[in-house]
Amino acid sequence: MSAPGTLPFCLRLLRRQLVLAFRRPIEIGNPLLFFAMVVALFPLGLGPAPEQLSGFAPGILWIIALLSNLLTSDAVFRSDFEDGSLEQLLLSPQPLFLSVLAYIAAHWLVTGVLLALVSPVFALMLNLPVQAVGVLVASLLLGSAVLSLVGCIGAALTVGLKRGGMLISLLILPFYMPVLIFGSAAVQGAVTGVPAGPYLAILGAMLCLAIALAPLAIAAGLRISVDA
Amino acid sequence: MWTFFHKLGSPPWLYSISGTILRWLLPITLVALAAGIVWGLLFTAPDFRQGNSYRIIYIHVPAAVVALAGYYVMAIAGAISLIWKMKMADVAMKACAPIGAALTFIALVTGSIWGKPTWGTWWVWDARITSMLILLFLYLGVVALYEAYDNKEAAGKACAVLSLVGMVNIPIIYKSVDWWYSLHQPASIKFTGESSIDPSMLYPLLLMISAFYALFTCCLLMNMRAELLEREARTNWVQRLAKQEGRS
Amino acid sequence: MPDTPTAHRPLLSASGLSLERGGRELFSALSFEVLPGHLLQIEGANGAGKTSLIRILAGLSRYGFTGSVTRHAPLLYLGHQAGVKALLTPRENLAWHVGGEGDYDDERIRDALARVGLYGYENVPSHALSAGQHRRVNLARLYLSESPLWLLDEPFTAIDRSGVLDLENLLVEHVERGGAVVMTSHQALQVTYEVRFLSLLEGLRL
Amino acid sequence: MYFDSLGAILHMDGHGSYVWSAYLITLIVLAMLLLVPRRRQRRILQQLDGELRRRQGTPMALDEES
Amino acid sequence: MSAPGTLPFCLRLLRRQLVLAFRRPIEIGNPLLFFAMVVALFPLGLGPAPEQLSGFAPGILWIIALLSNLLTSDAVFRSDFEDGSLEQLLLSPQPLFLSVLAYIAAHWLVTGVLLALVSPVFALMLNLPVQAVGVLVASLLLGSAVLSLVGCIGAALTVGLKRGGMLISLLILPFYMPVLIFGSAAVQGAVTGVPAGPYLAILGAMLCLAIALAPLAIAAGLRISVDA
Amino acid sequence: MPDTPTAHRPLLSASGLSLERGGRELFSALSFEVLPGHLLQIEGANGAGKTSLIRILAGLSRYGFTGSVTRHAPLLYLGHQAGVKALLTPRENLAWHVGGEGDYDDERIRDALARVGLYGYENVPSHALSAGQHRRVNLARLYLSESPLWLLDEPFTAIDRSGVLDLENLLVEHVERGGAVVMTSHQALQVTYEVRFLSLLEGLRL
């Protein structure tokens, strides 16, 4: 028996995180439910005039996606920190950069991808024109990956703190803002007929940058948190 | 060169040299600040479009400019602390955050006070204003993160990571906010007085900008000194200092 | 493993370790080596600094102490927290362990669980286990691991008498095979093997 | 001097309240920026001195600085 | 020494919860900063046009209040459950009805009241007309108390669950909606000059009902959760 | 207290308790009384059902078992979890304890903390305490409480040897004053007082 290869190990971690998520349907359901509920709140709070709503649908959908990412990213490392698994991860002979990517991937699959897949339903509820739905899904897929990466930086830096919940939002919301701007602009563009390619390309560029840098920051953050 | 860096890493040396610097710089700064304020408030002619309200520029612009520069100082200090593991860079980084936050706050508040007579509203979601607001969030995030940790060494490291991430992100944030604003273009409001600044207004403004830079340096050094004392409380030199100065 | 430790090459060496916490000096100028075959018990009252020391040895604490620690072999660390996910079954907990030391097949995991007395509990969610059973899931890693150096922080917590006996036998077996164990416990070890003690209030004894 | 009376300085053609409040707030914040670290420094030294005097009977554990 | 009176005990609990929320002075700022950031998300997502924003301001502010309540109410009992304090609370000789009210009051003070008090600043940033600010504060104060009470029912029922609490959140959410509707309608009314009294009265009536019933449900929920 | 228990009035009586968990019968038809002066240790291996039984006795479990429990006196229960808030100091933890049994003045709390060996740690945040110190904060409640009936689930966990001695003395003092203790532990009590045992695999042994 030897140490497992890095790829099998990361896949195993990914599987573990997904099983943990799906064993707890409330945590899976939460983002979706949250999404559905907040979509319902907007007409209630803003007044249901349909033409106005459809004008704001891209922004509303993106804000909700962002918030639901924000809420869940706090928990990515917390339970592992509390039950001692995180220490074991840091001591493992596997490269932390990649194992951290497995955590992020799981988080992205469970929040971002899931949301992107169900977002057409909500888009229709908000009267988003049909031609923009494809761009909505694509921009959510790309953008939520960036959000997950950035959110996990905040999670790693605050996981050792006794009261991390609010603080993490303060740290990462400013970094979420560019994603929100380009994401909602892409959808807005699709509504008005502007080609969405450039926007999606910018989101893709952000994603590449984040994939290259965020795991470094996360690994550093985790080491600091376990130490403190 | 190396000896200089080596000395920079030594807390007692830093403490004493910063004391010397402060003894000269602080009075100069205060005089420059007072002179600039009196000059700007009383001795310049009013702007032909905005009248006297434009006098706010002498605090608004310096605060905004120095606040922006301060983030880079902070992030570079953070990078040094992470890459070269220099403890004093940590201290400098931590000391930057509250000053930067205060200056950003001043820029926002004076800007919004200026906005009321000029635009008739306290707040607009203009690109520059919005990015200034985001800058405030960034600063406050660093302050809050630092305060949240008990172990100040770990806090310093965590903040260094955060400010480095911030340094990568700030250009992205700025560009995206700029672009966001130009995309929507609510043409009703425009910044006035951009390039039409008159030399008689420029000189006091330059004086104030320099004074704010000097003030930033002074506050930075003072914060660093306090931080040094707290971190090094168990060492000989601090305890000797406490015996000399603590009784007063 | 490519480099099998020889009897004279230390698995772990610490030199000049000092730690101060909350204004109190927990230990200072502590230097020792852990050789293959050593069974080292760190002694000290509550709050003496046992956990802090063992975390420094493991490399989990990196700031705030002076001195240096060199690790020459892969190590296995079991801390105060069980590191067992309540939502996973014991089998899953071991198979997908984040420690990533080995590729264990189902057979070996079942066997290890049986040896810590969890036969029949392989597929029960861990939150339905009793406190002792919960900790035993983690102890099963000792039967799987091939790391020569074990750092165990109070491994007997919540374990019943027969479990403690089994564990003691396992530790002796491990050190006799050429491994080494550094552990803390408030109970005296009942083994027929030379136990070295590191007493945190008096410096190194033996 | 641009203004000719104290009243004019305070009034500034109706913009006085804006200008003066902006300057006031700025000065308050700047004063705090300067005073807070000063007070913190003094407090640390005083506390430390008190601590040292309290411990005077017991031998002091002073570690050597590097 | 005898068991403390019920009132001192509840005040002590309240103090405990407040200290836990604001252990460090800086933590008081965190919720405020969080609100500020979420307020800033809306212009970034929806576009900066001032007249549109001011039309939506009541709805946006109310949605933020509701969200922040939703996000934080989950945690009201969780840490106490996890570290065993909740068992001790159930075994205490004090009436659970009232001790639960102390928990709710603390939650309300930390989220609802704080938000209500700073909401004028955010209202100005969103260009809400000045005459509506008073009604905004009043409606937030009343409404967020109802939200806290209802949210804690959900928290009590789900705190012990390792899996499958989604149904209960689904049951709780609809109770938030009437509060949102009347709350934002009150502010909207104040903007357009309709007297807000009746709306506030309805919110007050909801509050009375909730104070009378919610603690019963919460107490029962806590007993069930600790048992499971 | 208005009704001081007399020597023949039981503080707690259980009759016909049976419990099945995970398809296994943990105990059945268990009937016993706890009288003042009783020091009852529940014995059993890991997973025998000690915690489940003690939670039924405390009234925390109300479903899923058959039989009945009657409590005639206020009780104090200390479970597996310490019930100590990491963000509060030990002093605050005791002063603001959610148990709400008493109005303790600062003097008494300081005294109780000193007696569990936390003198000087009164105002340190609890998360900066060691594992044993953390549990000791909770044990300080035993010095404050006036409840005659104590239900203690593994109170010796993470406590060092001298702490165990102190605690044993306290238990004996308490039962000698007319209180009663029901406890679980994997260690044998070293006291000069008659300890009654309830062995979960064999039913009631005296």
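In order of appearance the chains are A, B, C, D, E and F, and numbering begins at 1 in each one.
Just so it is clear, a contact is a pair of C-beta atoms (placed from the backbone, for glycine too) under 8 Å apart; a residue touches a chain by one contact, two chains touch by 3 or more.
Keep in mind the model is a prediction, meaning the values are calculated, not measured.
J.: B-D versus B-C: which interface comes out with more C-beta contact pairs?
T.: Top pair by contacting C-beta pairs is B-D.
J.: Please tell me whether the contact surfaces of subunit A and subunit E are same or different in residue numbering, using the over-half criterion.
T.: Mostly same residues: over half of the interface numbers shared.
J.: Please flag the chain sitting at the greatest distance from subunit C, going by CA centroids.
T.: The most distant chain relative to subunit C turns out to be D.
J.: What whole-number Å value describes the gap between the mean CA coordinates of subunit A and subunit F?
T.: 45
J.: Taking the mean of the C-alpha atoms as each chain's centre, how many Å separate subunit D from subunit E?
T.: The separation of the two C-alpha centroids amounts to 38 Å.
J.: Roughly how far is subunit A from subunit E, centre to centre by C-alpha average, rounded to an integer in Å?
T.: Subunit A and subunit E have C-alpha centres separated by 26 Å.
J.: Which residues does subunit C have that touch at least 2 chains other than itself?
T.: 63, 80, 86-87, 125
J.: For subunit E, what residues touch not just one other chain but two or more?
T.: As it turns out, subunit E has residues touching two or more other chains at 23, 27, 30, 33, 37, 40, 44, 47, 162-163.
J.: Which residue numbers or ranges of subunit D touch two or more of the other chains?
T.: In subunit D, no residue touches two or more other chains.
J.: Which residues of subunit E touch subunit B in the complex?
T.: For this pair, the touching residues of subunit E are 24, 26-27, 29-30, 33, 36-37, 40, 43-44, 47-50, 53, 124-125, 127.
J.: How about subunit B: which of its residues touch subunit E in the complex?
T.: 121-126, 130, 133-134, 137, 140, 143-144, 147-148, 177, 180-181, 184, 186, 188
J.: Residue numbers of subunit F touching subunit C in their complex, please.
T.: 21-22, 44-49, 51, 80, 117, 124, 128-133, 136, 154, 157-164, 186-187
J.: How about subunit A: which of its residues touch subunit F in the complex?
T.: 162-163
J.: Can you list the residues on subunit A that touch subunit C in the complex?
T.: That would be residues 1-4, 8-9, 12-13, 15-16, 19-20, 23-24, 79-80, 82-94, 99, 223, 226-227 of subunit A.
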